[in-house]
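One chain, chain A, links the two complexes that follow: it is found with chain B in the first and with chain C in the second.
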Partner chain A sequence: MKHEIREEAAGVVVAFEGDVDLQTSPDARKVLLDCVRQGKSIVVDLSKVGYIDSSGVASLVESFQSARKGGRNLVLASVSEGALRVLKLARLDKVFTICDSVEDGLAAIG
Partner chain B sequence: MSPETNPPPVTVIEVENLVTHYGDREILKGVTLDVREGEIMVIMGGSGSGKSTLLRHLMALETKTSGTMRILGQDIDTLDQRQFFDLRKKMGVAFQGGALFSSMTIGENVMLPLYEHTDLDPMTMDIMTRMKLEVVELGGFEDLMPSELSGGMIKRAAFARAIVMDPKILFCDEPSAGLDPVVASALDDLILLLRDAMQMSIVVVTHELESAFKIADRITILDRGHILMVGTVDEVRNSSNERVYNLLNRVPEDDSMDMDEYLHRLTGVEVNKDAAL
Partner chain C sequence: MPDASPQASALESTQKSIAFDQLELLAEMSRDFASSRDMQASLEKAVAHITEYIQADGGALFMLNAAGDKLICEASVGATEIKGLTLPSDQGIVGRSVQNHSAEIVRDVQNDPNFYNKVDEKTGFTTRSIICAPLRVKDERIGAIELINKRSADGLFSEDDLRLLETMSASAGLAIHNARQADALVEQEVLARELELAAEIQRSLLPEERGDEFPVHGVNIPARTVSGDFFDFFELDDGRVCFNLGDVSGKGMNAALLMAKTASLFRCLGKTIHQPGRLMALINKEVCETAARGMFVTMVGGIYDPRSGIVRIANAGHEPPLFFSESGDCTAFEAEAPPLGITTFLADGDRYPENEFQLAGGSFYIFTDGVTEGYQADGSELEVAGLINILKAGKEKTAAARLADVVRVILGGERAIRDDTTLLCLEDRARLPAGSGPATGIFAEDAAGDLGVEILNLEVPSQPDRLKLVRNAIAQAALFTDCSDETAQDVVIAVDEALQNVIRHAYSNQPDGKIKVTVSRTTENLIILIRDYAETINIETVQPRDLDDIRPGGLGTHFMREVMDEVSFLPPPDGQGNLLKLVKRIA
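Here is the complex of A and B:
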C-alpha cells in the first residue's frame, strides 16, 4: 500500500493506493493519526484502494474519533462498493461523512 | 458473433477423490467437491454420513488417507508450516457449541485470534472486536462472561470470533442446533449477511432442512461416505433420487443389514464370505 499527502486550504487529502489489510493498516493508521496530531482535518481518498479490511476500517474509526476530539473532521471520499459494504456491515456508513469526490470532501471539511 | 458467456466461478476449495479412515473404518469414500467464491455451500446428510468428517477435512484439521485438496488455490500437501499457518488465518470457524472460553469475557474471546495471529495495535484490535460484536448484534456485551449469555447469543459471539480476522472462508458446524426457530432464523439471516457484505465463501453443515433451503446457494448431500448429489435448492428439492427424497422427508433408513459387515463391526473379526455358511 502506498499513500500520498496533499495540503489544501481546508485541510489535508490523504490518498491511499492498494489494499488496506492486516499487513498495511498499521501504516495507514500511523499516517492518519500523525495528520490528526498536527491538528488538521482530513479527506481520506479511497479511490485507489482495492480492498479495505476490518483493521483498515478500525484505523479510520480511531482517526475519526481522535480528529473529533481535537475539534477537527475526517471524511471519506470515493469509497469503493466493496469498502462501502464493509462500512455498512457495522453501520459505519451512518457514522462517516462519505463524499463522492475529493472536491466534495474538501468542501465538507472546509 | 459468439454468444456472451459468464466467466467460470472462482473456486476456493477443490476436493478430489478424498478418502479418509478412522482406524480401519473408511469414512469418506472418494469425495469430489468444490466450493465457489462468495457462495454458501450447505452439507447435509444423515447420522454417520460423514458430513462432520468432511467439514473437518475442509478446515484442514484432519489427515486424509488419499485424494487432493486445494484451498484458496493452494495444494495443502505442498505447504510448509508457515504457509499452512498463513492459510489457516484466512479461514474462520464457528463451532457447534460456540467453544468460547468460560474464563474470558465475550470481548476477550472475540479478540483472541487477533492477539494470536497479528501484531496490530491494541486499540485497532479493540475497535475490530467491537465492530464484529455490532455485526452480530452483541454491541455493548463485550464485558459479559459467556455464562451470562443465552444459547443464541453464545452462537453469535462465536460467529463474531470466527469473522474477526475477515476470513475468506467461514465454516459453520450445525449453527442452528439447539436454538428455537426464531433465534435459528436470525442466525440464518446473519450467515446471508456475511456472504453478501463480506463476499465470504461459507460452508455450513446442518441437518436443519428449513435453514438449508433458506441459506444455501448449493447443497451437497452425503450418504455413507459418498456424495449423493450436489445441486441448488430447487435441484435438491426436485430430485428423483430415492435416497435424497428419504433424507428430505425423514423416511427412516432401510432396516435390512449386511450381516457379515454387522458381525465384523461387533466382533472385529472378518469372515471370508465364500467360506461362511
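Here is the complex of A and C:
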C-alpha cells in the first residue's frame, strides 16, 4: 500500500493506493492519526483502494473519532466499490460522510 | 249431506277464524320460524293473522333494536304501509306500551298527547282508535303490536279487543323469543364448528413426532380449542435442524391467527436464512408491520448442526430456555431482546442477539409459561424449579417420555389447565459428545459433511503479508466455480477475516503458526475450511459485536456471518487446534 498527502486550504487529502489489510492498516492508521494530531481536517481518497478489511475499517473509525474529538472532520471520498461493500457490511456508510469526489470532500470539511 | 250452502260455508269460516286462538297462533308462528327461518315473512304473517282476527283496518309490529333506543316497524298490513318506520323507543303509543309493559287502548287518538301523528299527515289516513300490546317474555322487551281502527261504523276498539290482542301478543312474543334463541344456538354451533376447524388446521401446523432417533421433540396442549402457543422443527437439505417455540400474547382466535402467521414465517424464511438472529429480526419486522396493536410473540428460535453438535439460538423476550449439560449442570438463556412485534429498533442493528453452545450429550428445553405456571396436584404452581426436578428425574428416559412426564403433572391437578402448555426438547443421543468422535485426518469427512469437489488446498504461515496471496487465490478459486464477482468478493472478505482471527487471536501474532485453507464445492455450495494448530479457542469469545457500539476492532466475525450462509466451528480433528467451516450458497 502506498499513500500520498496533499495540503489544501480546507485540510489535507490523504490518498491511499493498494490494499488496506492486516499487513498495511497499521501504516494507514499512523498516517491518518499524524494528520489528526496536526489539527487537520482530512479527506481520505479511497479511489485506488481495491480492498479494505476490518482492521483497515477500524483505522478509519479510530482516526474519525480522534478528529471529531479535536473539533476536526474526516470524510471519505471516491470510495471504490470493494471498499464501499465493506463499509456497508460494518454499517459505517451511515456513520462516515462519503463524498463522490475529493473536491466534494474538501467542500464538506471546509 | 247435500252441498253446504254459502251461508253455512261463511259461518264455518268465521268459526274457523275464531278457533284460531292464541295457542294456535303460537304454534303457527313457531312452525313458520322453524320451517322458513325467515323471521320477516313470519312476522308479516303473524300481524296479518292478528289484524284479521280482531278485524282492524291495519296492524303493525314494532321491534326494539339491539341498543334498545329505537322501535322499528318490521311488518305492517292494511291501511297504511309503515314498514321501516323508526321511532325513539319512548315515543308514541307504541313506545309507551313497550316502556310500561302494558297494553294500551286509545279510543280518541287525536287527543292523545302520545299519538305520533306524522303518519296520518303523510298518508291522509285518519286514525281514530288504537290498541297496542307489548311483545315480551318475562322482563325481556321485544317490541309491540299495534292495531288501527276497528272495522266498524265508529272505528273504535273495545276492551275485549284489547284483551285479545294482549293474549295474542304474548304468544307472538314467545314465538319470536324462541326463534331468536334457536338462531343464537345455530350461530353458536356454526362458531363451534369453525373453531374446531381452526384447531384442526392449527394442529396440522405442528410437526409430527419423528421418533427417538430424531433430535427434536415437542408437545402442545391448548387451554382452549385453539392455542396461542406453537413449536416447530424441520430439517434443512444439509441435515441441520431448525426449531422454534413461541407464545402469542393472549388466547383465543386472534392469538391463534398471529401464531399461524408467525409459525409460517419462521418455517418459510427459516429454509433460506440460517442465522436465528437475522431470521427473527426479519419475522419481527413483518409482525411489527402487520400485527394488531398490542399483540406480540415471545419466541426462541434456533438451528442445530448434528455434525458439529453446535446449537445456535436467539431469544426474543421468551422465558429463558434451559440447557442441561451431560454432567447435569443447568444454564438458563435469558432474553436479551424484546418479543417479536414490539419494535423494529433492535439494539443489535438488524438481528437478535444469538447464543451458541455445544450440545455435547446435553439436553436443551424451551417451554411456555403455561408449563411453569401450571398447577400441580396439590394446587401449587410447578415453577422452573419443579420443571427442572421432573426433567432431571427422567434423565434416563427418552426425551418424549420426559416431556410426557411434565404434561402428566400439569394435567394431573384438580384444576383445568389455565394456559396453553408447550414444551420442546433438543437432545441428540445418537451423537457422541464433542471430541470423542472418530475424526481423523485433517478434515474429517463426518464432521465437515459432504465437501464435494476440492478446488484449492493451500498452507500459509501465520503472517499478515500472506493475506494478499490468500485473497488472490480465493478470488480465483471462487471465480473458477462460475460464481458472480460479488459472491467472489464476499467469499474473499470472509476468508480474509477468518485468517486474521487465526493470526491475531489463535496464534497471538506469532509468525510460525500453520494455517491450512481448503476450497471445495458441491452442486449448491462453496465450502471453505480453515484449520489451525493453535490452542482451541472458546467459541463464546468469537461472537459478532454490537454494531451500534462504534469502535475499532471486533468486526471480523460480524463480516463473516454477514456475507456467508454458514459460519461454524467444527470439532478439531485429533482434538487439536481449530477448524472453521464457511459456506456460501452459489447455486
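Going forward, the second predicted complex is superposed on the first by the 110 of 110 C-alpha atoms of A that agree within 3 Å, B and C clash if a C-alpha of one lies under 4 Å from a C-alpha of the other, contacts with A are read in each partner's own complex, and residues count from 1 in each chain.
Keep in mind that, in the parts below, a residue touches a chain if its C-beta (ideal position, glycine included) is under 8 Å from a C-beta of that chain, and two chains touch if they have at least 3 such contacts.
All of these numbers come straight from a predicted model, not from anything done at the bench.
Participant: Once both complexes are superposed via chain A, do chain B and chain C end up clashing or fitting?
Facilitator: These partners clash in the superposed model.
Participant: Of the two partner chains, chain B (first) and chain C (second), which one does A:Ser54 touch, if any: first, second, both, or neither?
Facilitator: both
Participant: Check whether A:Val13 is in contact with chain B, with chain C, with both or with neither, and answer first, second, both or neither.
Facilitator: Neither chain B nor chain C is touched by A:Val13.
Participant: Thinking of the overlay built on chain A, is A:Ile109 touched by chain B (first), by chain C (second), by both, or by neither?
Facilitator: Neither chain B nor chain C is touched by A:Ile109.
Participant: If you stack the two complexes on chain A, which partner ends up touching A:Ala90: first (chain B), second (chain C), both, or neither?
Facilitator: It touches chain B and chain C both.
Participant: For A:Val75, is the partner it touches chain B (first), chain C (second), both, or none of the two (neither)?
Facilitator: neither
Participant: For A:Glu62 in the superposed arrangement: first (chain B), second (chain C), both or neither?
Facilitator: Touch partners of A:Glu62: chain B and chain C.
Participant: Residues on chain A in contact with chain B in one complex and with chain C in the other?
Facilitator: Common interface on chain A, chain B vs chain C: 22, 53-55, 57-59, 61-62, 82, 85-86, 89-92.
Participant: Which residues of chain A touch chain B once you look at their complex with the stated criterion?
Facilitator: 22, 25-26, 29, 53-55, 57-59, 61-62, 82, 85-86, 88-92
Participant: Within the complex, which stretch of chain A touches chain C?
Facilitator: 19, 21-23, 51, 53-55, 57-59, 61-62, 65, 82, 85-86, 89-92, 95
Participant: Can you tell me which positions in chain C touch chain A when the two form their complex?
Facilitator: 349, 464-465, 467-468, 471, 489-490, 492-493, 496-497, 500, 503-504, 547, 550-553, 555-556, 558-559, 562-563
Participant: Under the touch definition given earlier, write down the residues of chain B that touch chain A in their complex.
Facilitator: Against chain A, the touching part of chain B is residues 118-121, 123-125, 127-128, 131-132, 134-135, 164-166, 193, 196-199.
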